[in-house]
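Consider the two complexes below, in which chain A is the common component and chain B and chain C are the respective partners.
After this line comes the complex of A and B, so read on.
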């Protein structure tokens, strides 16, 4: 994997730019020492990073041409648009209660990154190479959703390392919508930190689909006392997508739920690793993730629930359902429980199967073609993931997007 | 000693009844691991040249490997040069009948409740007793021979049935398979060999009892069971060791071959010394067990009750190669005090219409850590394969851990996999109900745990089920309150 180091971390490229210098130097040291994950690195065993080795990444430069307009949404929304990994605060349309500032070293907490193995190599790479990080501060209940749009030029072939932090003040509430679509052959190695102060609430929607663009994204939500984090993911696939989505419940009354669906076709390769850490008692979590894999697609889901010693009265539930729709598709799933406290309940269920022949037959007997029956069953299977969303324009939009993905 | 002190001593002893030591003169080769030691083991057993070469190939490969570090175990480094790789009770020649066996050895197995002597004929179970590195006796050999069944120690099989051993040894677990299997291939000393000819149902249960006695030794036995087409056999395995402050190593390999329509049932009650309540001493139990359903309609069933060992690293597996072949895994793993277990199974579905069932029950108490680690893999050609997994954990106490790491991989769109797992503690309402009916807390816990494990116990042969239940109760002593 040293070839990848040379491609992604040319030594001269790590700038020692004052305030972030110490962090960058540490990141570089860890990377040089442990390199990138290999097939034997437990949490990366299903992701062939060799695909990245075959690519050549150009150096990201400043924007030269016009920036395309962000997509239209059928509802009022604020916009933060990142094009080719660059964000211009002047082009942001922020709802009332949200402010954007440049990131400071104190906004970054690298203490939980593993510096003894290659497991967190891409997070270290982001730290070593991110250009300008941004912080969004949310005060009060923000009625309008905020969309963070990621796009790239068609011929964009660089490796970019966007870094964002969203901080919710006590009692704040926000609906955050991440919209990520790109066909270009670059690499997006992003980090998103979410900080939920006591009694705050964040609904986090992700709508993404990629062509040749490789995405390696690490998202961490730190959830405080009586705060609530709810994530809904819709992934239409990409040549290589890796999402680490973690929720740390670090105060009593904190709760998290992660619901997601990946509808994959072609040669998509999508690897979702979720982890919910119950760090204190009286916390609760719920996960529901579904993958539909068609053509030659590969879907991976690794869900982890960790209840630490003393986190009594914690409750956790995880479900993963998967549909294999073609002979050449593959699904690997690993729902993990790591329980160190006694007074808890934790459970998980996992299934891999195919569409039910009886249900198909029934729908055809009611006048649908086989194609329509299959489409309806797939939609029914996937849409159930969004049952927990509040009814309204956003949910309708997500379901429309799902239908388009399928 | 005062009466109270005596009572405390008795209680400690009662928790591990097999912890005594037999004072017997033994023939032990010097500690250390090198080619000479391997050649010495081979020479002691008068092995043919090919087997020594196989051992040496394994040893050379082992030297290139590093120990596994992926399990959820806190494993202190092992000094392989400090272990004696061969130790046997001193005797001139291998006894021709049980009458010639050293009475001290017979007494030891009597004390362990293993019916070695012919007077135990009524028990109706043929036993191969392995003491440290050698088999000291096998019962009912004649009766089994009449049915065409070969049941003997591995060393005897090498001498008397070399072609069979050569054909099947390493055919299920190759010496390159993993670190501990590779070590075993280099230094294995004895074990059991079973051959059931075509169309034969083994007339009685077969059993091997493994006993580690000597200090600073490791036990590296190898078991090979071959069931020809249409054959059926049920095999039981038990094991104990004396209580010592030092850790001892047990690295075994078990290979099962089931040909067309053959059925093999393999049951284990593992009761190696688990160490004391402070985590001192105990056996490191690193075992590779694998069954190969080599032809159509074969069936292999693993049942294990794991209560002993300081550290357990064990994943009895089934390779479901033949069409319609079936694999089963029933497990109860109990850890207490400072015990650590990382155990589970692998079901590799290669053939069409293959099926597998996994029922795993983990119970953690004290400061122990108990992990289920399993793999279900549906290969591309495993059309209409089916798996069902149920994996439950019970926590007793605030300082233990229960973990589940199931790997599920499917490359076939017609295969169906279902997995479910739960972790919880014993319900207060259940305890309250039992206590309101007159049971004390410990009895109530034992009853609830027994119910929790029932699905697995019912798969065990009768005598083992009774033993397993009693063992579980003893192991849980002191877990509540």
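After this line comes the complex of A and C, so read on.
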């Protein structure tokens, strides 16, 4: 995959901007040595990276023209708007309890990245090439949600490497809303690190849909003592979307849940790799992921739950469901339960199916059109994933977004 | 109201309804009885327009229109309602939401205004109460985890909300306890008027004590083998369907 190296790392020189120099040099070295994932690279076999090879990526410039306004929300929310990969300072509105600063080298922990294979190449690429890195520090229970809005110009064709870290102090609580929509043929190669100090709680909502824009996103949540991480994902599809979502349960009482719906049509190709690591005992996790694929769409879900030796008395539950809506669509779901501890409960249920003809007839026989019947059945299949959200404006908004995706 | 002539219906290539004639006038209630597998549910599905129930011959006129030309939902909007023998569970779809969506879809197709949600909920609650059903069922997914009897009563709630011109009740009485049977019968009787007709498919004459039928038909091997007044139901209760064989022989 040297073609990609040339496209994404045009020159071997790493701009030595002082502080990040060492990290960037290391990243560059790993990339030059191992390159990008290929079909045979573990965990990358469904992603046709050849698509990126066909593209030409320009270099992202500074924000010059007017930046479009971020979307409106039907609730009060703080906003951090990233346009073309850059923070729009005009539109930055932080809720009380949240502070933003530039990222420091000490905020980056590359020790867990694989430097022996191409598996983590995009994370290394981000490290080698990120332009701005930002850190959000959260103290106390923040009432207002905070939306991180990602958008790009219509003709944006650059590769960008946004990098963000969100740190929740002990006892802090936040609802983080990632809203990402973009059509142009660029590449967003993002890294998001979430640090949850003891007794903190993060609700992480993702609402994304892309046209030609490729997204490769790596998100890691480190969850400590009695902290809780809950993710709710709504993916409306994109030409090439890859999300790695990892939760590391570092201390007793830590818990994580990942709930997601990918509603795909057209030529969408969406690949979710989740991993929950139970590193200590008395930790719990839950995953519930549903894919609906229509037209020629391809949906991939790989859910890994790893309970390390000694992480006794841990509990995990995984549920996946898939709905194939056309003959040309494809869905690949793979649960990977790896359990090396004792007194552990781990369960997994999976279903794959098509729309139920009986139900479709039943709805139509009451007067709904076939289109309405199908939409309602799809909604019924998907909406249950968001049952775990607290009732309120955010949940309603998420369900409305879901309805719009179907 | 309904005029079926020489109806033939095939399912999976096999003929199940084999030349059936039936006329139901406005305001009438007809009972259809007959042995298991004789084609009663098939008749209901064919009239409702379900895929896979292929009408190979005959005609059906409903309220002045050619029923067989209409899509499933158009038949519903035209005023046809089929209470299923086995109501379908629809996970994730809220019962109240579904009821309102159905009613509004029909109203919209007829160029009427949608109902407002407050007024709608009030009427639905009244229907539930009349059928001695727990209001909590409104918040649950359609029929999901409902008991057998709750599912049947839920069909009657739908009928009461949608106010069809012709309701076909396919064994709505089966599986109901004695009290529920009475409530369902009352629910039907409340709707009876000179502009509304019913076809009640049942195995038991008990229901017909509450719902006095104008005509009773016996369906056998895809045809109406016998028709009569309500005394026919009594005779079936006493003698079973054995006489059909002798009649045909």
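One rule holds in what follows: the second predicted complex is superposed on the first by the 401 of 406 C-alpha atoms of A that agree within 3 Å, B and C clash if a C-alpha of one lies under 4 Å from a C-alpha of the other, contacts with A are read in each partner's own complex, and residues count from 1 in each chain.
As a convention for this text, contacts are C-beta pairs under 8 Å (C-beta built on N, C-alpha and C of every residue); 3 or more make two chains touch, one makes a residue touch a chain.
Everything numeric in this text was worked out from a predicted model, so none of it was measured.
Participant: Have a look at chain B and chain C on chain A after the superposition and call it: clash or fit.
Facilitator: fit
Participant: Given the touch rule stated above, what does A:209 touch, chain B (first), chain C (second), both, or neither?
Facilitator: neither
Participant: What angle, rounded to a multiple of 10°, is defined by the Cα centres of chain B, chain A and chain C, with the middle one as vertex?
Facilitator: 80
Participant: Using the superposition on chain A described above, determine whether A:379 touches chain B (first), chain C (second), both, or neither.
Facilitator: The answer is second: A:379 touches chain C but not chain B.
Participant: Once chain A of both complexes is superposed, is A:345 in touch with chain B (first), chain C (second), both, or neither?
Facilitator: A:345: touches chain B, not chain C.
Participant: Given the touch rule stated above, what does A:370 touch, chain B (first), chain C (second), both, or neither?
Facilitator: A:370 sits against chain C, while chain B stays out of touch.
Participant: Name the chain, either chain B or chain C, that contacts more residues of chain A.
Facilitator: B
Participant: Tell me which partner A:362 touches in the superposition: chain B (first), chain C (second), both or neither.
Facilitator: In the superposition, A:362 contacts chain C only.
Participant: Quick one: is A:334 in contact with chain B, with chain C, with both, or with neither? Answer first, second, both or neither.
Facilitator: A:334 contacts chain B only, not chain C.
Participant: Look at A:274 in the shared chain and tell me whether it touches chain B only, chain C only, both, or neither; answer first, second, both or neither.
Facilitator: neither
Participant: For A:353 in the superposed arrangement: first (chain B), second (chain C), both or neither?
Facilitator: A:353: touches chain B, not chain C.
Participant: Taking the superposition as given, does A:309 touch the first partner, chain B, the second, chain C, both, or neither?
Facilitator: Only chain B is touched by A:309; chain C is not.
Participant: Please work out how little space separates the C-alpha atoms of chain B and chain C at their nearest point after superposition, in whole Å.
Facilitator: 16 Å.
Participant: Check chain A for residues that touch chain B in one structure and chain C in the other, and list them.
Facilitator: Common to the two interfaces on chain A: nothing.
Participant: Can you check the complex and tell me which residues of chain A touch chain B?
Facilitator: 42, 309-310, 312, 322, 324-327, 329-354
Participant: Which residues of chain B touch chain A in their complex?
Facilitator: Where chain B meets chain A, its residues are 70, 72, 378, 380, 393, 395-425.
Participant: Under the definition above, what is the set of chain A residues touching chain C in their complex?
Facilitator: Within the complex, chain A contacts chain C at residues 356-359, 361-370, 372, 376-377, 379-384.
Participant: Please name which positions on chain C make contact with chain A in the complex.
Facilitator: Against chain A, the touching part of chain C is residues 48-51, 71-73, 75-77, 81-82, 84, 87-93, 98, 101-103, 105-106, 109, 141, 158, 162.
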